[in-house]
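In order of appearance the chains are A, B and C, and numbering begins at 1 in each one.
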Amino acid sequence: MIAVDIISDGLFAAVAAMGFGAISDPPLRAFPYIALLAAIGHATRYCLMTFLGVDIATASLVAAFIIGTGSVWCGRKVYCPMTVLYIPALLPMVPGTYAYKTVFSLIMFLQEISSPTQGSEYLQAMIFNGAVSFSVIFMLAVGATFPVFLLKERANSMTRGSRFI
Amino acid sequence: MTQEYVTQIADFITRYLSYMLGAGVHTSRVVRNSKRIGDALGVDVHIHTSQKTASLTVCEKGTSVMNTRIVDIPAFPISFEWNADLSALSWAAYDGKLSLEEINKRFEALVSKPRMNPVFVLFMASLANASFCRLFGGDIWAMLVTFTATLIGFFTRQHLTRKGVNHYIVFIISAFVASLCASTALSLGLKTAEIAIATSALYLVPGVPLINGVIDITDGHIQIGISRLVNALMLIVCIAIGMSATLMLVKDSLL
Amino acid sequence: MEAFWDSIAAYNAATWLWQSVSIVVAAVLTSILWFRPRTWVKIAVKVYMVVVSLWIALVYYMKFGAVREYSSVLAIFWCLVAVAWIYDLATRFSTFQKSGKYRPWGVVMLFLPLAYPLISLARGLSFPEMATPMLPSAVALYMLGMLMAFNRKINFFAFIFIVHWAVIAISKIVIFNIPEDILLAAACLPAMFIFFREAARAAGKGCKPPVKYVELLILAVVVVVGACMVLEYV
């Protein structure tokens, strides 16, 4: 049952990454690797959060780091720069529900502005959700960019000798 | 090297640079690749970029024959394919010692490659949002509703973009339409209806400028990095506005 | 469920005259458009679409459906459908021309809304507590039939709204015990495949991936959506 959960999590993440990637017009050869990276990354985050009880920001950082490192390896195979692979792969990890709750709490706060108790509750919820979504997005970007500094030479010559131009 | 030749090189690098920046490539890559092409042709290239314009100087190595210009950055749709191919072109020029004519010819061929079929993108984006809904814990009905809601929202976005409507307005309208359609899931009495509403507008999240902004800042191109982040933030605010319009309409049902 | 059928009964009892007028108008306009297409008929049909969407939104949901939960959300949705037709009217997006393809399908779909009361009667319901051709799903089905019969250049916004409505309607089958809505879902899935395939082909020249794969994707999605509906219903 646990294995099914993890696999379905990775599978849906892969579909999501390919779909969001398609919006940005990637080369067709990159799709399988985008899917692979997204599946691995998201499944890792799922495992960390469910089984080890890691918080969402740290888990995202680890997953993004794995995706970034993986994209160095995959990018060499399909002659794509790292960003082409890891930006779509990161998108399924965007904390959508937190972002939504931030907006929702903001609206409710503005509606209840005259009632001090309820208004402050919504304001608190807004800050809580906003802080989570901001830090997760920041961690995603940082985690995926980090391998570029570690593997500078390799990361910068990814498209060298491409067969596709 | 004559002044004329340096001007021709500058002409080419100007186009190369504006296409790459316009298609949403992060700054340090654009600068690196342009310099690499310059190296291959025997010139030094120095670039300063901002959000809407870039200025560059092309100077023959060892002499003072140079050409300086400021270019407007055209607003192309984001294209990872150009990112990959034009980067590969710079390496091909560097390793193969291609002539300027040859590079120019290949460049033209690369930028006229076919783009994604809009219907394909429409379906992929909708599928993506439906799976996103599943990742947040939505059930099968929430997924179906999210799928069709995204279909409507994304079609609206494509249609309005084709009409040349201002992209902030496009974002507001398509976020509003998508989330409003998703809110019809409330009438089904689902527990996960709220997840459908939350996911329905997420296909609009400007992931590329967001991450490019962070990359630019860590690479030291802080000014353009901040401009990119502000740009992405404006788009996110637009999504929030469109979504809050829906929430205002249906909020009584959500409480 | 009680409230649902009560509201339908009240709606039918109060507006049966208006409903029949509307059906007659639709029949007349459709046959003129079919046999003697003129510009004024095309405009009249679009105006009729706007009016009928607003009718569903305001009369059906706001007035008679107000006792049901979330009826305002659905009213807003039908206003959006009306906006789609108004937009079409303003920009002359669709042309209501016959293209010769899939015409039999269109004719069948145009008659399907009339099958709503028949199915209700066959199930043993009696007036006024029965489905009529002026219920939201039947209206959506009529719009779909019009798009299918005159499919040279269709109003895609209205079409996708109908697809969305079909998804909503199919789940109502179980919740509100209204099996008439199966008709809409059954008509909607092939229409989805046909229209999107046409759109993919029209856009397909000079695009990646090859049109064949896009068609496969569309087919796969339609099959999956259908499978979800069947699975959930069973």
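One rule holds in what follows: a residue touches a chain if its C-beta (ideal position, glycine included) is under 8 Å from a C-beta of that chain, and two chains touch if they have at least 3 such contacts.
Please read all numbers here as calculations on a predicted model, not as lab measurements.
If you average the CA coordinates per chain, which chain's centre is most distant from that of chain A?
Between chain A and the rest, the longest centre separation is with C.
B-C or A-B: which has the larger count of contacting C-beta pairs?
When the contacts at B-C and A-B are counted, A-B has more.
Report, in whole Å, the distance between the mean C-alpha point of chain A and the mean C-alpha point of chain C.
Result: the chain centres lie 38 Å from each other.
Suppose each chain is reduced to the average of its Cα coordinates; what separation in Å results between chain B and chain C?
Between these chains, centre-to-centre, one finds 36 Å.
Return the distance between the CA-based centres of chain A and chain B, expressed in whole Å.
Taking the average C-alpha coordinate of chain A and of chain B, the gap between them is 17 Å.
Which residues belonging to chain A are in contact with no fewer than two other chains?
none
Mark out which residues of chain B touch at least two other chains, giving numbers and ranges.
115-116, 120, 124, 127
Which chain C residues reach two or more other chains?
If we look for residues of chain C contacting two or more partner chains, we find 208-209.
Quick one: which bits of chain B touch chain C in the complex? Just the residue numbers, please.
113-120, 123-124, 127, 140-141, 143-145, 147-149, 151-152, 155-156, 159, 177, 180-181, 183-189, 249-250, 253
Using the touch definition from the top, list the residues of chain C that touch chain B in their complex.
69-74, 76-77, 80, 156-157, 160-161, 163-164, 167-168, 171-172, 175, 196, 199-200, 203-204, 206-209, 211, 213-214, 217-218, 221, 225, 228-229, 231-232
Which residues, counting only chain B, touch chain A once they are in their complex?
24-26, 29, 32, 77-81, 83-85, 87-92, 95, 106, 110, 115-116, 120-121, 124-129, 131-132, 134-136, 195, 197-199, 202-203, 205, 207-208, 210-212, 214-215, 218, 240, 243-244, 247-248, 251, 254
Provide the residue numbers of chain A that touch chain B in the complex, in ascending order.
Touch residues, chain A against chain B: 9, 12-13, 15-27, 30, 42, 79-81, 83-84, 87-88, 90-92, 94, 96-97, 99-101, 103-104, 106-108, 111, 137-138, 140-142, 144-145, 148-149, 156-162, 164-165.
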